[in-house]
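By letter and in written order, the chains are A, B, C and D; residue numbering begins at 1 in each of them.
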Amino acid sequence: MSEIKEVIVKTDRMATDRYQVNMGPQHPSTHGVLRLLVTLEGEKVLNVQPHTGYIHSGIEKMCEALTYPQIIHLTDRMDYLSAHMSNEAVALCVENALQVEVSDRVKYIRTIMDELTRLASHQLWWCVYGMDLGALTTFFYGLRDRELILDIFEETCGARMTVSYNTPGGLMFDIHPNFQKRVKDYLKYFKTKLPEYDELLSGNVIMRERTEGIGYLTLEDAIDFGVTGPSGRASGFSNDIRKHQPYSAYPFVKFNEILDHRCDSLARYEVRIKEMWESISIIEQLIDNIPEGDYALKMKGVMKLPEGEFYQRVETARGEFGVFIISDGKKNPYRLKFRSSGFSNLFALNNMAKGHKIADLVAIMSTLDLIIPDIDR
Amino acid sequence: MTNDELKTVLTERFPAAEIKQGFQYVEMTVKAEDLHEIAVQLKQTDEFYFDYLICLTGVDYPENMEIIYHLESIKHRHVMVLKVRTADRVNPAIDTVSDVWITAKYHEREAYDLLGIHFNNHTDLRRLFLEDGWGFPLRKDYVDEVRIVER
Amino acid sequence: MESSALLVFFLAAITLVGLAMLFSSYVPPTSKNSAKFEPYECGIETVGDAWLQYTVGYYLFAILFLIFDVETIFLFPWAIAMRTAGIAGFVEILIFFAILGLGLLYGWKKHALRWE
Amino acid sequence: MGIKNKKEFEKNDYPIIAEYEGGGIMLASLDAMVNWARSNSLWPLTFGTRCCAIEFMSAGASRHDMARFGAEVARASPRQADLLVISGTINYKMAPVLKRLYDQMADPKYVIALGGCAISGGPFFYNSYAIVKGADHIIPVDVYVPGCPPRPEAYLYGLMQLQKKIMRQKNFGKVKYSEAKPIISDKTSI
């Protein structure tokens, strides 16, 4: 066991014994198979020790035996809520390596699908966030709106969640004829529903009471732990890859990066809600003027990347996702490393949750929005 | 500052290291013994100020094991790649940088778990994903005929 | 006449509960394995033992709750006989509440309700 | 335990299961009542590992609505659940946990393997060193629902098949309910 740091607990009553409890692999609030060994004193959390590996499937070793189009089918099984962005990362990395430029049409469609995936992911986060705080109604509101996005995905990409819509050099097929109409209808519908989310949860006194000032993550800690994405931006860590290293159609879009300096769980909640509004405005700017053009380039069947190292960073709904390919000229990569956003966000949990109650630990962890296969790969 | 400015400043500040302009970023390969001291310098000097370790990758090359650090400075917005090699394959050992960047503590545990690279004076070097005694799967010579179904 | 209704009520309770327990112990299949009788801790074997020393705050809260729970139990028979008891009954219940209110005030001032 | 009267199955969607010797009219109707009660109140255990868990959640939400089959109460602890839906991959570190959870479930318990990963390792079948190739190496599985991830409707169809399977179960008479042994294939060592 790692050393349990002595926390001086000032209490005029008799001291309590410390004991360790497993918020184990099968737990409603870990959203997957993450095991937290929590050292408790009564209800106060002294030390949280994440034990991962219960869903480790060795994807990086598998990718060393797959060709590049095949790898794309695995990346959307890692962070399955931002599947399209992870696929796009691999596709962009291969395209940069082969110095190939995709048409504007592909860039526009990729960015629209990115933002739709971000909306769907934030909606599911909002459902489960409410459930973690004990409000079961958010589950049905959020998933009701998410189903409509999944219908749009299914019509265009054929799959609801693990879309695999990207290939190196473009898209698998063109968008469905009434894709634009359905997206515009959906945006009109969802703009009336997002205020409903605020009425249901944002103004709720119990929710504010449970998240205000809980789970404090200072800016230095956020940078040091590498906490990216909305969780990092809520502490003022400006790390939006769409802004700093724009890719696909993000240079043509005007949107602002949402930063918040309150560093607590409520700030992380509000950053995500505001990001949903940003995603809607991004899609609106793009959906009407998708340029004409071919949806995929003529690529050789087996792509051989030149020797060298290629790194591509993409902003998923949870943070910065990086694909690092070391290629030695053959048809499959020599070494492929995925920089997963959840991995760094998870290990900042300990110094956020120290000293809080166990119920606050659950609230903090759900504002971090962790996906466990993204951590274990 | 841009890549080539960074390259010139790095070559003049660290003459002992070999620096070259990679495909996207400046790559600096340092010797294993002065890795820690260079890492502290890269973080503390205001000119570089690399305070964000993006990711730490372990690679198993035929002749040596290599650790690749991707560093970014939030203040200056420039990115750099730091590499360190060790030829010893039986028990490779590299100094830890977890006191410079806290996130390295867990990335190093992952590199130890999957590649077997030991990090000296790392506070809590345990396996992250696999059970003890499993072997190091990401090594090229890893063979496991019971669990892996070859294609 | 009164006691026979009570008897029927009592017998019905016994037979129904007995029948349900008999049914559920014989009809469903039972698989005997060692893991089934260990405490469930999210799928991991429990380490150490849960017989620990807690803050005394839990005990204080429990006792205070118990007092006011029993108070409401005394309220039920009064509520049934409220019509016939008239004003005198009402004054008696007020005195009863006042005494218990004093108890609550005492607990409040001695910080029994404060958690930290 | 011979098969006395070989009944002809009219509806062809019944998987062919040899009929056990069972009780007479009185016990058969008691059987029907017990099976009817069990099959219409299958409480699933929240056991999601990978993307199939999200499809399992949208099956519980308002559009696909598991509640129509009495299965919407997803319990968190195995003590109160009688249906274990394995949604996602099981790796070698998770296998003993899954076995322990299955053992700690109250009887009668049923298992649905949801998605390709739970059936046979799915996309992780080839050259993955950490994935158990199918959950039936660890615990006996009643219904397999293919798909990666399967649509919520596919999961509901699997649920209906399980309900049919439960309706044919014989609880009384001379039936011995012995815990079915998991099929341990020689290739994988647990």
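We adopt the following convention: a contact is a pair of C-beta atoms (placed from the backbone, for glycine too) under 8 Å apart; a residue touches a chain by one contact, two chains touch by 3 or more.
What you see is a predicted model, and the numbers here were worked out from it, not measured in a lab.
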* Structure fact -> Closest to the centroid of all CA atoms, by its own CA mean, is chain A
* To do: Quick one: report the Å distance separating chain A from chain B, using the average Cα coordinate of each chain.
  => 25
* **Length of the line joining the C-alpha centres of chain A and chain C, rounded to whole Å** => 46
* Structure fact -> Separation of the C-alpha centres, chain A versus chain D, in whole Å, is 32
* Asked: Mind pulling the chain B residues that touch 2 or more other chains?
  -> 129-130, 137, 142, 151
* **Sequence positions of chain A contacting 2 or more other chains** => 24-27, 53, 56, 58, 61, 65
* Which positions in chain C touch two or more other chains at once? -> 43-44
* Sort the chain contact graph into one of these: line, ring, star, complete or other. => other
* Spell out the residues on chain B that touch chain A in their complex, using ranges where they run on. => 22-25, 27, 51-55, 57, 59-60, 68, 70, 74, 77, 81, 101-103, 105-107, 110, 114, 123-124, 127-130, 137-138, 142, 151
* Asked: In their complex, what parts of chain A are in touch with chain C?
  -> 11, 13-17, 19-27, 35, 42
* Using the touch definition up top, name the residues of chain C that touch chain D in the complex. => 27-31, 33-36, 38, 40, 43-45
* Please name which positions on chain C make contact with chain A in the complex. => 41-44, 46-48, 50, 52-58
* chain B contact footprint on chain D (complex, rising order) -> 92-93, 125-130, 133, 187-189
